[in-house]
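Read from first to last, the chains carry the letters A, B, C, D and E; within each, the first residue is number 1.
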Amino acid sequence: MLALKNIHKSFNDHEILKGIDLKINKGDVVTIIGPSGTGKTTLLRCVNYLEKPDEGEIAFSDFQLNYQSVKRKDILRLRRRTAMVFQQYNLFKNKTAIENVMEAQIVVQKKSKKAAYEKSLEELNRVGLADKLDAYPSQLSGGQQQRVSIARALAMEPEIILFDEPTSALDPELVGEVLNVIDQIARSGVTILLVTHEMSFAQNISTKIVFMDQGKIVEEGPPSQIFNHSREKRTKEFLSHFNSNYTKITTAK
Amino acid sequence: MFESNIFFQDFSGILTVVPYTLGLALLILILGILIGGILTLIDQYKIPFLFQVAAVCLSFLRGTPLLVQLYLAYYGMPKLILFFAGLLNFKFDPNQFDPVITVIVSYSICFSAFQSEIIRGAFMSVSYGQIEAAHSLGFSSVQTLRRIVIPQAIIEALPNFLNSYLTIIKSLSLAFMVSVVDILAKAKLESALNFRYLESFAAAAAVYWLLCAMLTVVFRRYEQNIRKKA
Amino acid sequence: MKMDFGYMIKILPGFISVLPLTLVVILCSGLFGFLLSVLVTGIRIKRVKIFSPLMELYISFTRSTPILLQMLLVYYGLPVVLSLIGININNWSGTLFAIATLVLHNGAFLSEILRPAYLAVDEGQKEAADSLGFTSFQKLTRIVFPQVLPVALPGLGNALIYLIQDTSILFIIGVVDIMGTANNLISNDFGSRQIDVFLTVALIYWAISYMADKFIKYFERKTARYHLENGLTR
Amino acid sequence: TNNSSGASQPSSASSKSSSAKTVQVAVPTAEKPLSYSENGKLTGYEVEILRKVDAKLKDYSFNIQSVSSNAQQIGLDTGKYDLIAEGFFKNPVRAQKYLIPNENDGASLIKIYTNDANKSIASLSDLSGKRLTPVDANGGIFNILTAYNTQNPSKKIDIPTSDTGLSTADRLKEVASGKYDALILPSNLGEAQIIKQLNLKIHTSAPVKVIPTYFLLSKKDEQLKEAVDSALKQLKSDGTLSELSKKYYGEDVFQYKITN
Amino acid sequence: MLALKNIHKSFNDHEILKGIDLKINKGDVVTIIGPSGTGKTTLLRCVNYLEKPDEGEIAFSDFQLNYQSVKRKDILRLRRRTAMVFQQYNLFKNKTAIENVMEAQIVVQKKSKKAAYEKSLEELNRVGLADKLDAYPSQLSGGQQQRVSIARALAMEPEIILFDEPTSALDPELVGEVLNVIDQIARSGVTILLVTHEMSFAQNISTKIVFMDQGKIVEEGPPSQIFNHSREKRTKEFLSHFNSNYTKITTAK
């Protein structure tokens, strides 16, 4: 459904992405893992065109976009088919929870207010926030904000949702509630591309794990292969770091 | 119509009052900041009674034209001092009272209202956690203010203080009413002798512009210097 | 300083009668000045070629010269400049010239308030709008501007107070406003009751400024719900 | 507030020729008795003379507007106005820059106002070493005193300056209270009235100077100047000007001999 | 060494602390656990007098402070014997790392600059930051900032250090470095009062665990008792939440 071809990106003459190829099928849940500074965030941002790659192509089944000859219209079209959930939530501070979810439906999809309202209600219900419709972001806890931002993405009915470390800014007790929501979305058949440090979560939820290091994809495959029978030395080494003396335990409902 | 040699003559004439104008404005700025700072503290800590009085004063000072305040001060101040001098039993001759003092006092008080707003905004930019950290280490309130809050707030306030400085420099032109000669007054005096108004006003504009450009560069450099550290 | 309250009350109606004029000038120059400053700020932030440095020049000039000079420049200079390109504005009334001056003045002045406020809006907010497919204009009007407002409001409040006092430049070109009425009164009895007149003027300006402050505070309260604060006390 | 926009109605339009040229005239806004508004109507010595002159000129029609005194002369320089009137003195620079009619439209009687302690002051040279109230930098007194100083280097007067802003009444009070020794001003600013009204102990000297005052015209219009001259001449000889002087100044300034 | 007696605290007529009694001996490492909103942070802040309790007493061996008749001098004296490490670090932004550590020694303890410098160097060494002396907080990672803030507290040689969730604002990968430092301090004999969600860490490090719920201490005792043989139903229930399907794993060096 979505294919990235040979994506390159440099910052100040320093190459961060060194040719990434990745195929995602409809309904896939693809998780990217890898050490800090490897370019995971940068890759995700390129898919949404928040970062302009220097080279490469992105292809949907019916629509192609080459980064070298891109037009404003193409960018908008791309963004309307993808949705991003940010690590820092980035909810619109001047809008209530439901207004946050409605806004893009009205402005971008030109839906009527009523239709947008109903859709938003549905999505907020899905993430368990039907009782916080009129709260401003500053009145919501981190976990609640992250769930609103997921609802905002879902409401756009994108073909794929991009998550960048959706729980790393959360208090440990709030991590569970967000992971549960993502889990549930994944089960409902939405296509997901996800960056996370929650290894056991990745293991449980993903159909495919992608291990990145130094701007390249080192290895990809189903969770069982990557976590238990990794073929690459670098991957094994990375995963061994995740056996520490302090095991952190999170709540979940 | 426009004689450039007269322009340059006026220009150099005006330059002679620039140091005086700058110095006077600086004095007013500093006094204004001190008074404004005190008003802000009274307001922030909601000191009973003083807090209400300060609010009325601030509103009056902000809300009425400087010209009117200057005029009221010009007549009111000598009388006020005379009254207190009488109480304290020392001699004061209101006829010897220098109008520059009137200007300094009335301008400082008037502009303190605007400085107070700036300082309030700057304090708002310091996160409360910084103050708690200092308290938890045993800093007294004054130590916290002096060593932690003010050094951080000043960065935010600096561009606004420059704005105020420029405003004061410009407003000093009103002080010519009570014989204090600033840049614009000097321009008027230049043209009074040669009747060349266009040239002298153009020269004044040039001096103001030059000053502003130079001050902006100096302030911006200083601001970048201290901002680097934060 | 003896005050003659009877006299102050007697001259009040004269001031009230010019109040509408002053208010119209405040309203027009405030509104159009604000719109101009939005345009100027946009040019500077987008770094539009040629225009952007021109705007910097315009702002530094406006910031550095007294408004009296700007008034004279507009009143005498603008007709000369415009006549060069064939536009005749000599039949404009003085009020229009004063409004033009105040608009130009505020366009620069407010831009210095709006620009930092714009920069204070979190980059993430703009990215979120981008990622949802907003166009640049939608992003600006629906997301960025409503968030710039609370940050800029205290500065805008100060500017409004300055504007109210700056309307007295009307009198320089012979339009009788509050200050003009005061000067007429003072001149007509050769200044023997200047203090009473000035006290009345102070009260009237105070009243207008007080209302302006209330107006700004209203917006501050409206935006307060999504505006988190730091400060000395909590 | 019809004077607010500055435009007053072109006077007695009926007597004008159809091709009458509009003359832009500027007078000060609030300088009683020269030019001021009363009940919303512009009036004053200069204004009334201008109206009389306007009535006499068939080929011109005056558009009289009021602006602040600073603005007046800049406006004449830039061509916004054709004629300005504010009791201007003649001097070489003005003579070179503007057209000045041959006929004066009035005269300024310079008098010295003193308190009891200084009532002996009767001439400019007596002012040397005295504390003079600040002199308006835009007015003619500043020039008279500077000229005096260059001619009498041995008996120089200390000339403090200030902007307009403090009224004549305030200044007279300051002299009466002893803050200053003397005030020197043209006598046509209402001094006599103020002194009487406020009951001030002030001594008024005889005129130390009698200076003719003129309209100032822009250089380009020689014809207008001649027309104004002939009108002024007629108004003088038929006594109109003396009458206006009595009405606005309380005395006929034309009775004094011009000093120079 | 430190005893809290009957501490009460209300916010807006809502009682948050309902009479807390707690004894801490020299060298103890006491960890407070409990659900969100229970008043753990509030209790810690009361000990440092950042919050003024409505009632109660705090006693050192030689010094007592009753909250109802407290003087400004007493507060300063109390604060000089305790030190707080904040969740959000709260380093002075306008000072470098070493200046942050020196500042209070100079201002509060009136030490000479030289003495303060040497002490600060020693403490920064202890937390492994000897190479970052002249960095400003903005130039340090979260974990490094938290370690500077620990050094700042240690340098005051307080009788007790208070930690409020010292790792919850950190990226998962930085948690380990801070936990290691705290572990090491605890071993060196400093008295510690700590609030944390890192259960396994609490279990490893503490001499005593205090379980709080709804403004009261429900149970206290050695880790083995609380975690394995808890006597209270509420404690067991709370700890059972920490057995979720998603186990979060953190790095440590």
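Heads up, the rule we're going with is that contacts are C-beta pairs under 8 Å (C-beta built on N, C-alpha and C of every residue); 3 or more make two chains touch, one makes a residue touch a chain.
What you see is a predicted model; the values in this text were computed from it and never measured.
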| item | value |
| --- | --- |
| Contacts common to subunit B and subunit C (chain labels) | D |
| Taking each chain's C-alpha mean as its centre, the one farthest from subunit A | D |
| Chain separated most widely from subunit C, comparing mean CA positions | E |
| Rotation angle superposing subunit A onto its copy subunit E by C-alpha atoms, nearest 5 degrees | 175 |
| Subunit A-subunit D separation of Cα centroids, rounded to whole Å | 81 |
| For subunit C paired with subunit D, centre-to-centre distance based on mean C-alpha positions, whole Å | 36 |
| Between subunit A and subunit B, centroid-to-centroid distance (C-alpha), Å | 53 |
| Multi-partner residues of subunit C (at least 2 other chains) | 68, 72, 194 |
| Multi-chain contact sites of subunit B, meaning residues that touch two or more partners | 67, 71, 201 |
| Interface hub residues of subunit D, defined as touching at least two other chains | 70, 74, 78, 166 |
| Of all residues in subunit D, those that touch subunit B in their complex | 70, 73-74, 77-78, 91, 93-94, 97, 134, 137-138, 142-143, 146, 160-166, 177-179 |
| Residues on subunit C engaged by subunit D in the complex (per definition of touch) | 17-18, 21, 68, 72, 75-77, 79-80, 90, 93-95, 171-176, 180, 183-184, 186-192, 194 |
| Residue ranges of subunit B in contact with subunit C within the complex | 41, 44-46, 59-60, 62-69, 71-72, 75-76, 79, 114, 117, 121, 123-128, 131, 149, 159, 163, 166, 170, 173, 184, 201, 204-205, 208-209, 211-213, 216 |
| Complex contact set, residues of subunit A against subunit C | 48, 50, 76, 79-80, 82-84, 86, 88, 90-95, 103-104, 107-108, 136-138, 152, 156 |
| Complex interface listing, subunit B residues touching subunit D | 1, 67, 71, 74, 94-95, 174, 176-179, 181, 185, 188-189, 192-198, 201 |
